[in-house]
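Below: a set of structures, written as structure tokens.
Below are two complexes that have chain A in common, paired first with chain B and then with chain C.
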Partner chain A sequence: MIAGAEPINNSALRPPHSERGFVGWVRANLFGTWYNSLLTVASVIVIGAILLFGIRWVISDADWTVIATLGGQMIIGQYNTELACPSQNCFWRPQASLLLVTILLGMAWGVAGGGLTKRIAIGISVALAAFALLPYSFERMGMDVRLLLAANIPAVGLGWAIARYTPLGTGRGIALSAIAVFLVTLILVHGVPNVPGLEPVPVRHWGGLMLNLLLAVAGIVISLPVGIVLAMGRRSRLPVVKLLCVVFIEVFRGVPLITLLFMSQVLVPLAFPENFPQNSLFRAGVVITLFSAAYMAENVRGGLQALHPGQAEAARALGLPGWQTMLFISLPQAIRNVIPAIVGQFISLFKDTTLVYVIGMLEVVAISRAYIQGNTEYLASAKELFLFLGLVFWVFTYGMSFVSRRVEKHLGIGVR
Partner chain B sequence: MVVLVAWFVANVGNAIQDRDIPHGFSFLDREYQTPIGQHFLPYESSDTFLYAFIVGATNTLIVSVVGVVLATALGTFIGISRLSTNWLASKAALVYIEFFRNVPLLIQLFFWFYIVLALPPVRDGYVVADRLYLNNAGLSIPWPSVRSADAALAWIGLATVAVVAGIAVHRWLVRREARTGSSPDPLLIGVMTTFFIGAVGWLVVGAASGGAPFTTSLPAPQGAFDRISGGFTMSGGLMALMAGLVMYTASFIAEIVRAGIQSVSRGQTEAARALGLSSTHTLRQVTFPQAMRLIVPPLISQYLNLTKNSSLAGAIGYSDLTNVAKTMTQTAPAISIFLMIMLAYLALSLTYSLIGNLYNRHISFGRR
Partner chain C sequence: MAEMKDGAEDIIVCRDVHKWYGDFHALRGVTTSIKKAEVVVVFGPSGSGKSTFIRTINRLEEHQLGEIIVNGIKLTNDIRNIDAIRRDVGMVFQSFNLFPHLTVMDNITLAPIKVRKVPRAEAQQVGNDLLDRVGISDQSDKYPAQLSGGQQQRVAIARALAMQPNIMLFDEPTSALDPEMIKEVLDVMQELASSGMTMIVVSHEMGFAREVANRMIMFDLGTIVEEGPPEQIFEDPQNDRTKLFLSQIL
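Our next item is the complex of A and B:
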């Protein structure tokens, strides 16, 4: 060592106080340049004004009683009225369906074994059970209703146990259970003739958020396979099939859904024989599903087009027949790559279920509107009601896009 | 599937014959005999079905065009805010996008509609400088009114010439700038040319016909009920429809603009900055032209969505194409009307696609 040389202080100096911590963050992100500062000041004024005005309105001026008064009608519409369900209590049927869904969630948690799925399953069941504590009188919200809501917590546990200790605890088991749950839900809600306690409820009395969710789930489940078939048809080498698919897709994409729905009441009955059993809900479901399938087809087609042709060529070279190439090589990769677009289409399908109001179905928005128009004393608080409905839908749609983002991350889409 | 389609078509054919379903287009010449709420073309109840259908289509077209312009402006602004280095602006844009995109349009329309309904009645309405009247009948604003049709047409002709001349001057100056490097401001001079020719034309036409080609019609309360007359009145339904459509579509456009700008690789911006371009120039000359290639196709599909979504207008009392046609089916064959609606929306979509594709070809790379 050279004499006299001082040991070098290796530790670098910390950045000056103005560049780190909260002050540094504010300087970097809010007041970096003069126009940034100007933008910050302008934003603060605008956001502050909105918040000030909004919070004051929410706390003092807004009248939220209309939401409490509507209460269960928003969830099931006219389903449990004397008209729909004479001299019996039908509320337990949607509630029992809900319990089945919670059991499914529990099974998903059991299979995934913790992490996000666990938090979602427990969070949803606790939130549902919390509805049992709503401060309604017992005449409006009976003990049976509250107990069935509270049963969501044991249900999620039951689902977890089923997944852990029975052979149903696999991905395939859950998929089969989900189909079974959907069918059982339909039977429960629709009812079975001549079975006491399960008297059929005419579909025109179905309503509220229940109707939106039923339409959305049925639409989502059916429109994806239909969309895939249409996408394959559009790429087909058979001119007739291709032409039919192109015409179908372009017509359904070119016309507003509301027009299609409204025409479904007029045209769809004509397309079936005269005595074919059908009802307006069935027709609405068919139209919403086909509409969504047309968009889905374009998403899937995009995925198929983006696929490198080498994939299919390699599969053919290995001796796979054409349909196996499509089913096991092309489609899985294509769909995996367009998951964001597909989930976006699911979300828009869910939002579109509000449009069945045109054919007189009382889904959640329609029944709220009808209530406002029937009880003019609530006309002034219509804004509050629709704001609330907006938030309800937001929770569902944002939840869907959140889960989709997690799935994409899990599959590593966009990462090479 | 072919069999299924054939079966459906055959069923429809049978149904029309066996069940005596009305069809055909002979109703188009009959008098419609039904009032239409707000309309932009002159309309009387004694007009024919065909004309009423055109009135409805015009209502949709106007909402669509104005909505597209406003939604593009708002959406671009929010999309750029989303990319701002300013934390507050970026997060505010994020909240806007996530909220408006995820809530069904119908709920948003009802929300705005009931806010408009809650406005005070005409006598207690808001008045801004005796020019703007806002009340539960709608928003009344000053509007140009034509004094003599010839003078107005003459000036519109001159104004078109002025715009063409302005664009020509701008392009010539841009080319000269590229060739010689001397740079007067092409945009400013182009705009000034347009304004100069327009103003001179205004004066010349005014002198020739004895008065300005257009005058301003001011809204003012009139009569025993203080109804607003004069100017242009936007009905409450139209206001709510515009607010809802524009804010909803803007949230989608913002995401498209953000994705488009983010897709331009950082190297491009950095290279432009290294060459000494200012940040405004970088955005205008380097980032934006490249981003546009990715933005335009999905943007067109949003324009189509906006047009189709405007069919929700019926729920809040604005007579758009779908609403008018829906009312028509009560007195005319539904099958024919459905065909007409399909053709009308198809024509609208094709027009947008055509304009969009022409523009897209203009801005995209040559084939590589």
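Our next item is the complex of A and C:
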């Protein structure tokens, strides 16, 4: 060994103490400097005060009876009133649709085989069944309603069994079943003329969260493929196709949704044959879907734009024709890359369904507002009511955001 | 070096090929032909048109004047001719261009299944054989991002071979690789050459050219300035531009 030379030490070392553990983290991030410490203390005081007063208000001062009184109206609006559904009980129809959705969840669990999907499926069905135990009188919430709610638990099991023991237990099977469930839901809720027990309920009586969800699901399912087609059209080399898509996108993005909704009542009828069965809900659905599709198109186009041109080149060099290159190479990568933007658009669409109140449809916010305006004894409960509505929307949108993050993680975005 | 195939037929014929990018004249009258089982290394300074040249052969770039005939099919705007040629001409890119959302096996079997309508099981069988041939048979379920650069390029070669092409184009296949990975890719290419594959390789790997090529083509300013067997190019280059270029890279 050369005199004075130290032996080389290149074994892996542990990080210094300050970088480790809870204490190290607190010291580094909360009390790193004197002004950090000051900010930390001030923040703790402010957050603590908000929590203290907030929780006290929620528990003791607030009067939540308005929500209990509104009850089923928030879910289905005027759907089950004497006017909409004379001399019978129509509540079972949306409830039966809900059971079908639970069966779908069970099927997803059966295909996924456990994990998060299982917990979501069981969690949602148990939560729905728990509504059967609400301390209402049987006059307000009958045994039939309670039994149908409780049936969500066997329904999830049934879905699981279907996925396990029938050929429907594949991704494609679930997708097809989902489309079938949506159509059956529309038929159930709408009713069939001259069938006892399924008397049609006019669309103007549909309402509540049911209306928001129907519009949102239809909008989400249809706007994505329409948006993809528009995005491809906007990148087309054919000038007429390109121009049409650009005009469509820019017009629908450039006009406020409320304006489009007003216009829809006048303009959509012109686009369909005179005897085509339509109604204000259908028109609103068309407009919301196309509005969302215009945004979706730009999201997808952004994803396509970001792809390395070598991807399409490699596919073409292998002899894949243009449409297969788009279908198997470009679109899957483009859509994966813009999942956050697409889910953002889904969330936005769901919240925008509340705007159909401008054409007189009693979706969940509108019917709640109408209720407190019509029942002056609840005017003071507006705070509680709108807080609750905010929470309801947040639960749904956070659910979407949560699932999208799991999907992203599953697809390995960011580890490429 | 493999022996020259004098009696073999011309499999690629280029006559006075011109290509412009806007006003820029990228290919200025390229005329050459390539015989079956010939291995041609194309080299030259950057921007000289060598990549553009091999990309016109499978029509990733369109030429505007002259004619190119591949496997007896003349390259025109007819999309059926183009797709037919692309099925028989494999290409390997500098940046690999593997499909990141597909596994190694799916990268290899996609085109045979979708384009050649090979049954999946059979395509996977072929895929396994090819992965074996390029020396990474244990990686078929991985995604491209989980492989090293050299492994990715070998998958890209296997992917091109899965279509059972009779011509392979290599566009600077080792330029994006670390030195220790270059050899593993060149070994695969050398094995391919000795199996009788017709190959056009854009590369500055002069060791590979000397050992494997039948012919070398020097590009400059969009034209072929010199071509000949490697020993002539290395020992006795005729053109001053070739001499200067070789003196700078050797």
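To be clear about the criterion, the second predicted complex is superposed on the first by the 380 of 416 C-alpha atoms of A that agree within 3 Å, B and C clash if a C-alpha of one lies under 4 Å from a C-alpha of the other, contacts with A are read in each partner's own complex, and residues count from 1 in each chain.
As a convention for this text, contacts are C-beta pairs under 8 Å (C-beta built on N, C-alpha and C of every residue); 3 or more make two chains touch, one makes a residue touch a chain.
Fair warning: this is a prediction, and the values are worked out from it, not measured in the lab.
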Check your understanding: Now for A:V403: first (chain B), second (chain C), both, or neither, which partner does it touch?
Key -> neither
Check your understanding: On chain A, which partner's contacts cover more residues, chain B's or chain C's?
Key -> B
Practice item. Check the residue A:L318 against both partner chains and state whether it touches chain B (first), chain C (second), both, or neither. Key: second
Practice item. Applying the touch criterion given at the start, work out whether A:P332 contacts chain B, chain C, both or neither, answering first, second, both or neither. Key: second
Practice item. Please work out whether A:H308 is in contact with chain B alone, chain C alone, both, or neither, and reply first, second, both or neither. Key: second
Review point. Should A:K383 be classified as contacting the first partner (chain B), the second (chain C), both, or neither?
Key: first
Exercise for review: Would you mind writing out the residues of chain C in touch with chain A in their complex?
Suggested key: 58, 60, 79, 83, 86-87, 89-91, 93, 95, 97-101, 110-111, 114-115, 143, 145, 156, 159-160, 163
Check your understanding: Residues of chain A touching chain B in their complex?
Key -> 29-30, 32, 36, 39-40, 43-44, 46-47, 229, 233, 240-241, 244, 251, 254-259, 262-263, 266-267, 269-274, 347, 351-352, 354-355, 357-358, 365, 369, 372, 379-380, 382-383, 386-387, 389-390, 393-394, 397-398, 401
Point to revise | Partner chain C, residues of chain A touching it in the complex | key: 308, 310-311, 313-321, 324, 328-329, 332-333, 336, 411-412, 415-416
Check your understanding: Which bits of chain B are touching chain A when the two form their complex?
Key -> 1-2, 5, 8, 11-12, 15-16, 19, 21, 84-89, 92, 98-99, 102-108, 110-111, 114-115, 117-118, 308-309, 311-312, 314-315, 322, 325-326, 329, 334-335, 338, 341-342, 345-346, 349
